[in-house]
Structures are given as structure tokens and as C-alpha cells.
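The first chain written gets the first letter, and so on, giving A, B, C and D; residue counts start at 1 in each chain.
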Amino acid sequence: MSTAATPDLSVDLAPDNSRELRLRNPVIAASGCFGYGEEYSGIIDINRLGAFVSKGITPERRAGNPMPRIVESPAGMLNAIGLQNPGIHGFVKKYPPMWARWTVPAIVNISAELVSDYAMMAAILDEQPAVAAIELNVSCPNIARGGYCFGWDPLMSAEVTRAVRAATTLPLIVKLSPGAPNIASVAVAVEEAGADAISLINTLVGMAIDVRARKPLLANHTGGVSGPAIKPIAVRMVYQVAAAVRVPVIGMGGIMGLNDALEFFLAGASAIQVGTGIFVDPGLPIRLIDDLARWLDGEGFSSLDQIVGIANDGFRSGQERPLATWESLGV
Amino acid sequence: MSTAATPDLSVDLAPDNSRELRLRNPVIAASGCFGYGEEYSGIIDINRLGAFVSKGITPERRAGNPMPRIVESPAGMLNAIGLQNPGIHGFVKKYPPMWARWTVPAIVNISAELVSDYAMMAAILDEQPAVAAIELNVSCPNIARGGYCFGWDPLMSAEVTRAVRAATTLPLIVKLSPGAPNIASVAVAVEEAGADAISLINTLVGMAIDVRARKPLLANHTGGVSGPAIKPIAVRMVYQVAAAVRVPVIGMGGIMGLNDALEFFLAGASAIQVGTGIFVDPGLPIRLIDDLARWLDGEGFSSLDQIVGIANDGFRSGQERPLATWESLGV
Amino acid sequence: MAGLVARNARWEGQKDYRLLPVTPSMESTGASREFESQVLSVEPIMGDAVLLTVSAPAAVLSRLKPGQFFNIVTRFPGSWDPLLRRPYSVYRSHHDTSALTFLVRPFGRGSAWLSERLPGEQIGMLGPLGNSFTVSNRAQRLLMIGGGVGVAPLVMLSDEAATNGLDVVFIMGAATEDGLLAASELSNRIEYVVATDDGSRGHRGLATEVLGDYVQWADQIFACGPEPMYRTLRAVVEPLRINRKPGIQVSMERGMACGLGACLGCVVETTRGMIASCVQGPVFDLDEVIL
Amino acid sequence: MAGLVARNARWEGQKDYRLLPVTPSMESTGASREFESQVLSVEPIMGDAVLLTVSAPAAVLSRLKPGQFFNIVTRFPGSWDPLLRRPYSVYRSHHDTSALTFLVRPFGRGSAWLSERLPGEQIGMLGPLGNSFTVSNRAQRLLMIGGGVGVAPLVMLSDEAATNGLDVVFIMGAATEDGLLAASELSNRIEYVVATDDGSRGHRGLATEVLGDYVQWADQIFACGPEPMYRTLRAVVEPLRINRKPGIQVSMERGMACGLGACLGCVVETTRGMIASCVQGPVFDLDEVIL
């Protein structure tokens, strides 16, 4: 911990919000990969984390999907948990009281199918002192629009962001979906709609077939791809979003070590989240904090913000760019 | 080859086209990964392939991108070659005459920024007897629409398909972009616009940062992700497209062995393409033909079409589905 | 970082003393349950399987209970494929040498990797994880039934039961004689009953077929094997039980990611709902499992 | 498959006899350039590097030329990470024992894997690939200059030149003495000149600094090392050359995927345009390379 002391790792993820979201370091445990925090107590020193994000909470209790819910994929995994959770009402009874005794900021991830449900959950969380911020998961089907995913469309993403913004003064992180064709335009839209910060990426939709059984391996058929396999896509999206918006960006997708984390910071992320990496290596998030401090020190930086976006030409330029070019299409 | 003889591996990729595209087996070398064929002559027996697809051809000659153009990623690679090619005019002088002496069907992959340029190239290829089919790469920026990628939008994909269809009677394969939020709707649109077959997926756009140099590793910044890392995404998209359309589907993305190939066939692909796998293992495509024949035989199938789509509930149902659901979003 | 202090003031006041900070020393002692083991020996057993013996901190051995498992790294360093850890039940624990033995059957990529390790190599461990088999203090007669590598946790359970002077009948089934556990692996205080599909040793047929004779003798039944075996077990035992006695505890096998109850990827459907088998399992009362 | 026959009738008539079918036998003999090698020995050299000697079919050795390379699988079987093959120049070929030696410096994941192989293990090979150094038949005096592992292809070139009775001066630079090639690795017919950054042996400084004395002596110059070395080489040699003599051949290092000219991922920018260094390289005339 002594090593971690030297450079300033603190980060403010809601500079324009009076109920600020200031973290002592930029390493956050990702939603769905850290339960409600207690699961990892005793394994790692949770209070050293910059913050952690809860499993996704929904308006009603959900039993989740039948098994199998997870399967390995090349350098990654597929999951289709089905948002198993006690629902917002069961949730607030149980977890915020426990978190109130911890020093680590707790962020609540919320998912719904209706704009009004998102707003309802935000209003409930607004009154929970132990809730440090809300992470709005827009990778959900908007049943009012035939199920088209909120996160694929700038207008729909902005609509739900605006509704949640109106329902709470809590720091609001909007978590983007990598299914959006033009991720930067969604980012700009949610920024204008009142997001204090933007996190990305959520899982990409994938599938694996059990050749012996001749059917999809997951009971749900499709599942979310996470882990190192998606890292290049995540870094690219963080790079594009960090150039388009001015609010802090929280990057994630396949972070397994310091070099991966640095890729995200250099691309423009002010903080990072670790998900699948925690399953593979529970000690990873704490080690990242120490390794990051040591690296900054060794490279002669006195604070983290000195490296955020330094590999990104257009960082926070917010300038209008063509929707796509050969270059941005990776050709 | 004796083993390969037993079950019927032949596949008709343009059943409704009088200039048919009938392959002796379903294994195709993917565009950009097999040059113009000659590069692999002497390494493998090219004439045993079901077919091969040429490097992407453009209206004008292109020098391609500066170096570095490729970098490894977890269980995959990033490439930003920049469509280095002699242009359609230089191309037709050199390669079709060579191919005319081969027995393996040669498919030409075309890329452009204008609908009219796609049509121009198709018209030129239409007169080349040694060209078996056209693969239309819609993962290109439509400069008439501010650079929005053709392949991300059903209408723009249909427009370019219609124009190419009008310019040639050659079997027409439209190669979809995984950047489309709703890949099935793009597939339905190009099918209606006259595609004989649909191939997918092209690379996903990614990036890698050189932490030492503090800049993107690729000179082009972004590049296309290919290899095993993208297989789950590719299988999912093939599954969704094969349920939505009736034309044959050609699946690709991270195929490295028989089990991978079978995942695509069972998901609904009538044929497969192998790209990155050829770099890693040049003998792979030929081995896949033999292994597939042996497997079908061992499982008691007399022809390949008996397994196409058998893991796909909605195979070729073409039924209208909600744009997305929790299930289809992998949640 | 004034802001931080200000922001957290409310919490600083009432720190949670249940959340003890995890120190590096806890990691080396295994108190955090994440530690590195050294491979001590790898010996062939039951045909293609191996007995993998690794070092483990005393703190780990002292709290280890039969039926618990470890989530083990089965990957080459520097490679992210295959990615996930694999859970393995403890076959036997050695307090004298401060070591653990696992029974690993090469199946896919992870188990193949694990069974090819050499003495001296390091392996990443997370555990002990999960609940355990519970022997009622009123029970004297224990019936074990294992299929394939499923015998692993039953061997540790039998070791302890025999040491505690309980009567144990250990039934094992396999395809052929080679697939069976050698009798020498079990204490001679244990009655070892075997069945093979081809009759090459013991009863010709399934282990569940010889089970009947022992059900009413037993105070408790402990089983570990594939799920189909549990269906048969239930069918065979049900008619012979008198008001749900003897009780039946089974170890359920699920693919896992975290091993800590965080991902909910390993749930078992029970009469109590979807239960994380890595924390409230892998051992379940067969009566509450929905097969 | 009537349709197929019909469709291909036009072609069947005029089969391409330049496209000979590749038979399995060709693969075992290496005639297809894809084959499996067995590791024969792994010996330390130049500090942290190793000399990796592997078996190779006679057909491969007979057509191998100095400067050519092999695209080698540097991955554990059953794992797809790291994915791509890595190109390695031939350090020495052994016709007597039908073997090849590579000089591998552990750098990242692939080279680390390769340098940790054990005798008896199998390795996937693709090659020989690329063009080669070409010694003009009017040349008697050859000047070699190598940096680090860049000496590899120059050693094979020097072996041949010495055997053919040519005069060879071999200049090598390294950070310290340990990084140098042992003189015993070169024929005693070769004049070996060394430079070390710390002056622990030979000239204190860069290899390119001792170069000047030999430029006008040489009929041809052959270099292999990092690109900055080629810039210095050009700067030093240019003023000393008389109408572009002596000619300078350099081996360019590029990341590669296919190694066969198919992916265009390894191009070198030259006065002739973007050239695939795996087929029309890795050896280029320095005068045409745009650095």
C-alpha cells in the first residue's frame, strides 16, 4: 500500500455534480462480476478499491435464466445469467444498510424495459445514503419500441438518461452498449441528456453451439461475450467516445493486467472497471492499484490524469467527425 | 481424398441464379487471407477448395496503409491493410486469365465508397468467364451519406445490392458487417434486393495501444479484429441471419478446426470461409474438407445439408421477431 | 483528496469491522483463500486419470472439510486461452506433509493441462470453496456411492468417517475394471463394493443396481457423480426409504467462473430457488434438488 | 453434382499444370513447406538468447538459402493465445544431421515459449520463406554487420562464403561482452570485429563506428539488425561509396501473419512501392528502402 501512496490516483467521476463521485483510485469492480461486494470480502481488501458496481438490479425480482448460464469462449467467456436479482425493493432492504458500514463507494447498476421503471428505481436509490452513484445499463430491450435495444440508438439512450436524471441528483454513469453502430453518437447524446460519466463496454452478444448435443450451449441460446477477446473492441470504443465527449469515461473490457489498464487510460479513460478478470484472478483489482502507482512513479508522472488520453489525438476535442471513414472502420 | 468422397459435401450457393454457384465442398478461403490464390499454390492443393475469395478490389489502385498494418490481439489479430490492390482495371488484366486455368471457383470481393463504383466494378466482372461470383463487401463508408457505413443500415445495404444486381447476372454474395446493430434486418433487406447468398461476418473494428510509444499500435489507429476471439459473435450472427432469410448463408469468424466449422453449419451456414485460420495453419482448409466428410460419415449423415441449421430453432422460418429481447441480447 | 475525505466522512465514522482488510501475509498463508501451490507428485490412477498432489498452507488444511473444492488455474502463464479456472474436489488431505491431493480425469483443455503438470511447477489455487458433506452426529452407518471421478470427495469423507470409527460402505461403478479405484486407496475398515458395465470386476452393471441392499442399513447416503446417476439413485432409493430416511447428500457439478457466489453462473435449481452451487453447494440434499 | 461438372467443364478442358496438387507425402517431406520439426537441442548463447536446433527434411535443407526464414508456431497446442506464428531466420543449417539452428532471443510471449522448448518436443514449421542474400559472382570480399539477434542470417551467409573461399569480415555490436557471439561460432577463416557499448570487449561504442575502415575494402555489405542501425549504416557508408559500390543488402524485420505474400501485413516501403517482405524480402537493397 505504501507504493500506492506516491502518485495521486484519485479521480473525480462527476465533476459537475454537487453530490460528487470522487474515488481514491480509478479501479472499479464491474457489475455482475463482484456480486454485492460481500462475496469478495475476506478474499481481497474491498475497502482499497476505487469503487465497486453491484449486480444489475431490475424493477421486479428475477429468478434468472435456466442452466447452463456460462460457457468459455476463446480468450473469453459467454454469460447469460438473466439478471437474477431480488428486485429494487428487496435490494434496498438488504444491501445499502450493509454498505453503509464500508468505506468503499458502492455504485448500483440498474436495468429495465421501460423508461418509467428506470426512473422509478433511480428515485428509490436517490434516498439511499450508502449508494454513491447509479450506473444506467442501457443494453436492455425497450418494449415500447418493439424491443429495439435502448443502447443501440442515441435518441432512446438520451430519453432514458433524461428520465433518470430528472429522478435523481445522484452521480449518474451511463453504461453504453457495444451493439451501437456509432458508439460516439450515443455517448454525445447521453452526455447532453445529463450523464455525469460514461462507462463502456458492456458485453457483446455471442453464442456457442454444443456440437454433440446439436443445440446452443447456453439455455438462453445467446450470451454476453467478455474477457480479453473483446479488449481491442473496447479500447477502440473508449478511444472514439473519449474524443467525442467531455465527461469522464470509464473503460472496461478484458482488462487482465497493468498493460491492459494502461491501454484504456492512454485511450482516454479516467477510470477502469474489471469484470471477468476478477473471476480469473481475484487479486487483480488490488494489484492493479499498486502496479499503476508504481508505473506512474517509474515513468515520472505525479498523478493519473497526466496519462489519460495521451495516446488519443482527438481527446475531448468533441469535434464533429464524419460518421465513419476507411480509417475509423479499421480498413 | 478417398474419405472425402463418401458423403455429399457439394453445396449450391445461388439456387435461384442460372449462372449457378455450385461448389464441390463448402470450404472457402476468405477474402484478404488468401491473396489471389497463387500465394498458397504449392503449399496446399488449391483445386481441392470449395472456392476462394480474392483480396478486396476497389475502383482505383490503392497503395494501402503505412506500417504497422497488423498486430496480435488475445486469441485474434488486428489488421489495417488498407485494401492494397491494383484496382479493378489492373486486377482484370492479371488474375482472371490465371484463374481460367484452375478448376477451383474464384470469387471476387469488391469494396467502394459510391454505389455507382460498386456497379461499375460488377459490370466489368460480369464479362470475366473465370470469375465464379462476386462478394459485395458493404463494410465501407458511404461518402454520399457522410461516411455512414453501408453495412450498418438495411436501406443503404439494399441500395448498393440492388445497383450491383442490376449490373451483373453473376452469383452475388453480400458480405455483412458485424457493426450493424440488427444484423438480421440487414440480411432481410439485401435478400429482397437480390442477393443470391449472404456471407458474414467481416472483422469487428478494434484498436491496440502501444503503451511504450504512447500511441495506437497500428499506423491506421483502428483495425479489424479477426480470429477465434470473434467466433462467438460470428456464430450468433449466423444463427440470427439464417433464421431470418431463405438464401444460403456463408459463415465465418475464427474457424480453426472441425468443431468450429460444425458450430457454423449447425447454426445455419450452408458453407464456411476460413481467414485468419489459414495464416496460423495453412493446411486447415483442406483438412476441414476431409474431417467434415469423416465426421458426417461417422454420425451417419449422407450429405452436408442434413446438418445445416439443425441447432437453430427458427432456421429459415423468416418469421417476424421483435427487434430484440432479453434473450436475443444475451441477458 | 480533501473531497474524498469529506465525501467519506459519514462512513469513516462507522467503519465495518466485519470487513477485515486482507493483507499480503494472508495471501501467503492462504487465509485469503487465494494462494500458489507447488506440484509435489502426479500419479496415474483409474485408467487415464491422475492423482495430483500439491502443497497447501496449514491454515488451508485446518479448515478444509470433505466435499469442498478448489478453483484452480488451468492455463499456461502468458496465455489467456483457456481462460477460466476449473473447480476440483479434494480427494485427500495430508496434514503431516501439508499437502492436498486431487483426482483429475483428462477431459478437455483444462483437465488435460492439469494432468500434465510436473513436480516443482506452481499452480494458482482458490479455496477451500463451497459447503461440505455433513455427517449427522446421530449417524453410525454411512453409504457412499460414486461414479467415475465423482469418487474424489467421497474418499476424503470416508477417510474421516473411518478415522472417527463410523461404518462405511463405499460403492463405486465404472465402465471396466481399469476405471475402478484400487481397494488400497481406501482404509481396510471400509467395505468396498464395485460394479462394472462389462462385469470385468464385481457386479455386472450400474453401481445403482447394487445400492438397494444397503439403503435400509444406512443412516446417511452420500453420492457424487453425473446427474443421470442421481435420477437413478432417487428412483432406486425412494421406495426403500421410510419418511425420508436415510437422508441423501449429493455433490452437484456445474461449470463455474468466480467460485465465490458473485457471478451466479453455477446455480442449481432447488425447491428453495436458484442456489449458487459454489457457496451454498456443491453439496445438496437430494430431496430439494430439481433434476 | 451434375451442375458442378457442367459448370467446370470449360476449366476441366484446360487444367493448370503449374498448379500441382499438394499430396500428404509432400507435407511430410517438407515439399509443401509446411512440416513438423522435432527439437534436437536448446543451448544458451549471447546472454539470455538460445540456439534452438530442430530436425528438418532433406528436401528443405537442399533448397534453403542464407537470409531465408521460417514462420514458426509459438503456441501451446489447444490454446489460441498467442495466435500467430513468428518468423525466425536460419542461423545455421546442418546437412549431415538434417537439422536447422535458430537463434532466439526471449522477448515477448512467442520467443519466450520457443526458447523454453525441450528436446523431443514437436514444433510446427512453415518454410523456407522469403528471398535471400545474393552474393555477386564478381564479389570476393564480403562485409557483414549485425546487431543483436540480427547476426543470425549473417552467420549462415558467412558459413557459405568461407566454404566458397571468399574473404569475410564480420562486425558485431552488443551492449556488453555477454551479448556478443562467441568467436568460436564463426569459421577461423573469418575476421571477427566486435564493438560493445561499455567497451567490455573490442571497440567501445556502436558497430557502425568501426564500419568505416572496411567499406572501401568490401565488394558487398550485408546487414541485419534494427532499423535505426540501417539509418546509421546509410549515413556512415554513403560518403565512402563510389557510384553506389559496394552494394548493401539488409534484412528487414516486420511483424507477419501469413508469411506467403497473401495478407500484405508485412510490407516494406521501397522506391518500387509497398513490397511484401515475406516473399520479395526480407532482404532488400538498402538503396531502395525508404526508412
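Here, contacts are C-beta pairs under 8 Å (C-beta built on N, C-alpha and C of every residue); 3 or more make two chains touch, one makes a residue touch a chain.
Here the structure is a predicted model, which is why all the values come from computation and not from measurement.
For the pairs A-D and B-D, the count of C-beta pairs in contact is higher at B-D. Averaging C-alpha coordinates per chain and comparing to subunit C, the farthest chain turns out to be D. One inter-chain figure worth recording: subunit A and subunit D are separated by 46 Å, centre to centre, where each centre is the mean of the chain's CA atoms. Per-chain CA centroids place subunit B at a distance of 34 Å from subunit D. Distance between subunit A and subunit B, defined via averaged C-alpha coordinates, is recorded as 33 Å. Averaged C-alpha coordinates put the centre of subunit C at 53 Å from the centre of subunit D.
Among all residues of subunit B, those that touch two or more other chains are 74-76, 79, 81, 227-228. Across the assembly, subunit C contributes residues 80-82 that each touch 2 or more other chains.
Arrangement of the chains shown, judged by which pairs touch: all-to-all, with no pair of chains left without contact. Against subunit C, the residues of subunit A that register as touching in their complex are 8, 10, 12, 20, 22-24, 32-35, 39-48, 55, 63-64, 66-72, 74-77, 79, 81, 84, 98, 100-103, 105, 129-130, 227-228, 256, 276, 278-283. Across the complex, subunit B is touched by residues 73-76, 78-83, 111, 139-141, 145-149, 152-153, 179-182, 203-211, 214-216, 220-225, 227-233, 235-236, 239, 254, 259, 262-263, 266-267, 310-311, 322-331 of subunit A.
Of all residues in subunit C, only 1, 3-4, 7-8, 10-12, 14-16, 18-23, 27, 32-34, 73, 80-85, 124, 126, 254-269, 273-274, 279 touch subunit A in the complex they form.
Subunit B meets subunit C in the complex at residues 74-75, 228. The part of subunit C that touches subunit B in the complex is made up of residues 80-81.
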